[in-house]
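Lettered A, B, C and D in written order, each chain numbered from 1.
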Amino acid sequence: MREECGVVGVVKHGTESHPVPASLQIYYALYALQHRGQESSGITVHNGKDPMTIKGMGLVPEVFDKNALLELKGRVGIGHVRYSTCGDSMIENCQPFIVKYKSGSVAIAHNGNLVNSLELRRKLESEGHLFVASSDTEVIAHLLVKELLKNPVIEAVSNVMKQLNGSYSLAIMIDDLLMAVRDPMGFKPLCVGSIDSGYVVASESVAIDTLNGKLIRDVKPGELVIFRDGGIESHQLFREPNSAHCVFEYVYFARPDSIIDGKLVYKVRERIGERLAKEHPVEADMVSPVPDSGITSAIGYSRQSDIIYEESLMKNRYIGRTFILPGQAMRETAVRLKMNTIGQNVRGRRIVLIDDSIVRGTTSRRIIDMIKNAGATEVHARIGSPPIVAPCYLGIDMASRDELIAAHKTIKGVEAVINADSLGYLSIEGLVESIGINRDDLCLGCLTGAYPVDIPGEKICQRRQLKLHEFQ
Amino acid sequence: MREECGVVGVVKHGTESHPVPASLQIYYALYALQHRGQESSGITVHNGKDPMTIKGMGLVPEVFDKNALLELKGRVGIGHVRYSTCGDSMIENCQPFIVKYKSGSVAIAHNGNLVNSLELRRKLESEGHLFVASSDTEVIAHLLVKELLKNPVIEAVSNVMKQLNGSYSLAIMIDDLLMAVRDPMGFKPLCVGSIDSGYVVASESVAIDTLNGKLIRDVKPGELVIFRDGGIESHQLFREPNSAHCVFEYVYFARPDSIIDGKLVYKVRERIGERLAKEHPVEADMVSPVPDSGITSAIGYSRQSDIIYEESLMKNRYIGRTFILPGQAMRETAVRLKMNTIGQNVRGRRIVLIDDSIVRGTTSRRIIDMIKNAGATEVHARIGSPPIVAPCYLGIDMASRDELIAAHKTIKGVEAVINADSLGYLSIEGLVESIGINRDDLCLGCLTGAYPVDIPGEKICQRRQLKLHEFQ
Amino acid sequence: MREECGVVGVVKHGTESHPVPASLQIYYALYALQHRGQESSGITVHNGKDPMTIKGMGLVPEVFDKNALLELKGRVGIGHVRYSTCGDSMIENCQPFIVKYKSGSVAIAHNGNLVNSLELRRKLESEGHLFVASSDTEVIAHLLVKELLKNPVIEAVSNVMKQLNGSYSLAIMIDDLLMAVRDPMGFKPLCVGSIDSGYVVASESVAIDTLNGKLIRDVKPGELVIFRDGGIESHQLFREPNSAHCVFEYVYFARPDSIIDGKLVYKVRERIGERLAKEHPVEADMVSPVPDSGITSAIGYSRQSDIIYEESLMKNRYIGRTFILPGQAMRETAVRLKMNTIGQNVRGRRIVLIDDSIVRGTTSRRIIDMIKNAGATEVHARIGSPPIVAPCYLGIDMASRDELIAAHKTIKGVEAVINADSLGYLSIEGLVESIGINRDDLCLGCLTGAYPVDIPGEKICQRRQLKLHEFQ
Amino acid sequence: MREECGVVGVVKHGTESHPVPASLQIYYALYALQHRGQESSGITVHNGKDPMTIKGMGLVPEVFDKNALLELKGRVGIGHVRYSTCGDSMIENCQPFIVKYKSGSVAIAHNGNLVNSLELRRKLESEGHLFVASSDTEVIAHLLVKELLKNPVIEAVSNVMKQLNGSYSLAIMIDDLLMAVRDPMGFKPLCVGSIDSGYVVASESVAIDTLNGKLIRDVKPGELVIFRDGGIESHQLFREPNSAHCVFEYVYFARPDSIIDGKLVYKVRERIGERLAKEHPVEADMVSPVPDSGITSAIGYSRQSDIIYEESLMKNRYIGRTFILPGQAMRETAVRLKMNTIGQNVRGRRIVLIDDSIVRGTTSRRIIDMIKNAGATEVHARIGSPPIVAPCYLGIDMASRDELIAAHKTIKGVEAVINADSLGYLSIEGLVESIGINRDDLCLGCLTGAYPVDIPGEKICQRRQLKLHEFQ
């Protein structure tokens, strides 16, 4: 399960030169969001005349050279880190995506996934539009420029949003005007903060923390935020009866120290652990996490169940791009390089093993086998999310329906495959209450098979079958 | 004086796998054209389904990794090497330039310079077109796709050519269909050859030689060549009364072993030297070239004048990307790193120094000073081209009019500036006769200030004031 | 506080080719030991005729290219990862260190620090020895070769050990004979394991785990282990009345999942936390670690004190080689990039903050300030080791005596400097009991100022003033 | 035929900081000597306290980063470029080679080849010396340090020289004292020049030219030059009745603009061409060189014979590290990438083709075939050196005796193999007279099979069977 992207935007007030340039602040913010994408990184700064960009394949420290970065002068800019599935990992897909048109330039950094991207692309192609990359972002850029040629900025953005179906949290620069947009259902996170003599917009609040800034609030679903004249303008372009925040940001993807839509991820995970202990109690000697994402929930489970917290697995902090030879033995080596069993802790003991989710089941199986081989007498798997029964179309790169083990097997079946002595998934209700957001305001598509937006061949949630309501 | 680019296209017959893949042959051909551009290199191959590209900043051996290159499978492809002026040397400008549109993909490699590029871009922008780079090639790609949406290939190309003003030698792939196009005046070279089980198109015939191929003929001005069904189709889309071949390809830019528009460059340079000896005889002890471009002409001068050929300057074959500190002494070091005087050869002697051209005069001055400091008693500069009095708008990156020394000074004035004991430029007539092509079929814009195409603010040659004549 | 090195040796039985070559297994083992050194990496394999080496500056995945690594053919080899203080970080100091001499070659990988290195070097120099690097390892190599020229292997090693004063855990190849040596007091860890068709020797047992091997036992202090004829020979060359295992391997440096001298590091740290809770109880709302090294002790403290475990600080997993501008604000940015406060967890709360040690006090101050700025009402620092009052001469790169805050200040004084509401260090007795090894068998030099070996200008522990006792 | 190395040393007077640091001047000088070695590059500067070194595999511009280079502060330093045969191309063999010993440090840059290197190494090994690399330079360093421990500098150098048999031109730094040494027979070149506020020593005078310096004179065979107290001290340690200058420096290896032992290489090559025309006249239409090394001789041949000079082959100036697939066709591609025939120049013509030497004959065959395939009616090979009948033991990497075609075939036989219509080698007498140095002062070992030094299994020239005569 791998997510797509992290976005950042920074604007500094006034025109005087700042001790820490915008480019450098974006660079630090991207560091804080590196967990959202490790494949490519990019920063675009506007110097009042032209956009200037550094981007490339690789982690933040690999892509940005100090001297080059300090050459990106300007008081406003956006940044992006990205993960993508194999095949379209080419340099052309690196973001920010910048286009020049009649009236100037548009730069976009995008987190999310459009459901109707291909459809929009075909339509644009049929109108003669040409594409150099394969990303959704290029589609959004084309639509936006098309609108900007006819309408003022706010109307243009509104008209583009009417056409987009799916998830999008965007940092946009139209020439040197910074804006932030979140889709009407607020799938992916986006928040605004104040920093010394300026503002920052970012996928997660940790990016604001890193700049020693202050989280102001989340960008609201359907909202366009414009950073202009030293202030923040809010334009609530769309107001849906309900939101559809992605639950997996809480379960797995976001950093625990981020606050997303008002909820501290750390606390959500702690509550997930506590709730799991109530829903699936078991007699055992110790509670252990699958590191790192299971740690906080394991602490919660331990606290609630009064079973001691003790680690079974230790993660190697230094695993980079390694290589292995073909063959089964080597695949096991690959797992052992990443994670090692603490034999003395597990020998002769009954273990509650907390993981955030099960996708294909293969990794779970390997880990449980490792722990049992190390001498554990029982391993009870407790999963901090309900069974994933359907694919995600909104921005989490999970797996196809074919690959999702819970789409094809009962819980007992999964239990057998992963070789657990018992298996307990968190209930949907448990997850919802742990997050602390109304069920109707969450996207549970992958857990229910019913999605908050219309996806060809999939069910739509009843409550969603309303037209998009335009606010302005 | 630095040129723009070199282009290549290769197609192999049939579908069977070839011992040497198209990608590798393009790679070797680009090596042979490396002198036409050292800034970026790129290869695009079409595998029957999709175009696949490797491109990047750097020389051919720096950009292409063996394994990656062999992954570019396909029987047809194009390649490009490029030099560009500072500022738009970004990765987005690397060629081939590839766009995807309604019906497939278009990849273009371009050598030349459009005079009306900005105008065309503005027009396309006003129709809603978006641009990601700043190259002429992107403009051509947009125009071509626009036409392809309405018309069959040949008509589409013809309609694009009607709009283009300037120089362009193109290798184009529409999906996996290879084509070559040369502008109606044939400014920049382009030729076609046969190779083992296929064809090659290239900026210069040396690329064909390198593949052990056979030069078939030049692409004619205004001609579209389509490589289809194992054969070559010729479509003479435009036929102008006259051509406008760039004289500086012969004087300086092309490799001496290339045959361009029927003339072996080596022979042209030899004749230039002989002619110079007739036009500007002088009593001297030896004839020396400024290496490498002056060598062949110096041999010609020596043969005609019966003054012995002897080298005064030796070039360092290994100069790469060096660095110097600021200051005058260091700039002189930079020159000495590239070229060294052979003191014993020049001491006490009167030297005829043959160079291909004078642009700003600063390098000439430094070289002549070096030779005099080494003990030469007289240095008589003989230049293998007439004074450059006007800028080039058609693809040679010379200098602005302000910087051109001959645009502002008499020959006597230039002589004084470069510290020569005498200075003789080749006459225009002498150059024309040395090339061996009718004067009316050459572009002499930079030598006369009158251009074969309409350039705002510049004079047009009388004979050219005809409308483009469409042939088909 | 930064350690020196990690060492590995691998030997495969027989001569048949193994599915996983020795070079690859050393590579994986070094991955598992990467925490012991991130500055340079190296592998030497002996092919029966010659030693072949790949080494360079950088992390394991940066130094070793797959193809190059698979070219290192041979059934026996050693490897090394290294950290070093600035100044001698040159390529010549990368290990393994290899020398050729009369009878063949010697390759050495060393973890530790010789106290009499300079003295030995001077002596060797006075005998005419030449040195190309500045490492202790080169000194050991010279001594060993000197002996090998006169004596058989075991006697040679014994004679070298008689001259060495300090810490050394060595993996040695004499031609293709693999050996492991640990100094007579066993300062630094070293252990032996069996793997599929062979043996492995490594600084920590996690390296054995990673190869799916089985820990056999620690190399004993003063022991020479020879891997010969498919078996293990033990030669107890020296037997001291007491050992002097480094306590900081348990406190801070080793991986928690390693077993060192029979003690699982994880358990030691847990006991440290429990003991801290007994020695320095405090009324508080939560116990938090400074990640990562404080985590296990914080869990122990929480369990013993019944104060809940809750995280205050989140570590960024992706911090690589970043850069900052000069200035105070930027140094704070550097800290925030590495660690972020979870504001909601700490606001209005009294926190017990568990850290492993205090060296200079500057980082502790910055972290406590961060937590207080985030709203914590009280921060009670509890340190998993006693005050560090003296430097380490035996292989931990701590700091000079001048820089050690506890060398100059009372505990109250340190408390004030780091801005803690209270400060409790673990007692020496508490540390010794947590480790579970007899106090006389531990090195407590940095905690007491009395060292187990004679160090000019420092006190020696009474019990140690015995001559080295040669066993054989 | 590939040579070993180029060496440089620079010393600046006084202690004031110089506008151009010594490190930078060494860097530029190495650029000028790059033709002498392209495999590795290194610079060592002494800052008055310690030697500091940057070295690595690659060309000069690849190894030295500007900022790192400017960090090499010091008024004295040495540099090295190196070629080596496969197998010992490891980083440890990169020069300068630096050792630290009792009294300080010694850094050596070496050009040449010791005949008794293995013998000396074995002797040193038997005395307990250890070696980390496989170069002759390490042997010289060990011998020198051994002597320096017993004797003052001059006597030490003298004593080392007594032991060395073979060729060596050395730049040495003992601490910060720069010295230059040339073996008693002066095999390889070495010269001294003055530069602005200092001195330079270098393998070839072009390095002095590049620094805008003045060639003072060659270092004499058997001379030690010490740069001390702002002056040059000469110590003629050995004086042999005869020298043994390598003839291939003139024929092939050195740059034409260098003056070696008083002879300008350019002039020697010109005379070689003239002499060849007298020794082997032929009726032909044109004289062509094999570029680049044959160019000057071809001009000389043309001048003497009155047959016009015209190029048949054009060299690609941009060939870097290319790769080819296995197979005959690809090997031909490799040749064509490097050199192209100018078809129009050769078609129907009888050509005198001037090359500097024939080693194996395979390249000559390929080139002559190419020219004939391009339409030449006759190709008459004229070689600027006599047949190479024996290997070089003194520093030119030619080939083994087995591979040398002239060691096994008559001239008629070689003619047939290379497919020439006639073949003429320069006579030994012709070569000697072209060089202009007494035959007894040249090394003709590879041409006669009799060497000026004793080489096991080879003949020695009669005149050499004198003992080394110590001068001082």
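Just so we're on the same page, a residue touches a chain if its C-beta (ideal position, glycine included) is under 8 Å from a C-beta of that chain, and two chains touch if they have at least 3 such contacts.
These figures come from a predicted structure and were not determined experimentally.
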Quick one: point me to the chain whose Cα centre is farthest from that of subunit A. D
Centre-to-centre distance between subunit C and subunit A (centres being mean Cα positions), rounded to whole Å: 37
When centres are defined as mean Cα positions, the distance from subunit A to subunit D in whole Å is 61
Subunit A and subunit B: spacing of chain centres that average the CA atoms, whole Å: 49
Out of subunit C, which residues touch more than one other chain, so two or more? none
Between which chains is there touch? A-B, A-C, B-D, C-D
Contacts from subunit C onto subunit A in the complex sit at residues 19-20, 24, 28, 31-32, 34-35, 38, 59-62, 66, 206, 209-212, 255-257, 259, 264, 266-267, 270, 292, 296, 299, 303, 308-311, 314, 316-323, 325, 327, 329-330, 332-333, 336-337, 340-345
Could you please specify the touching residues of subunit A with respect to subunit B in the complex? 53, 90-91, 97-102, 122, 125-132, 134, 141-142, 145-146, 149
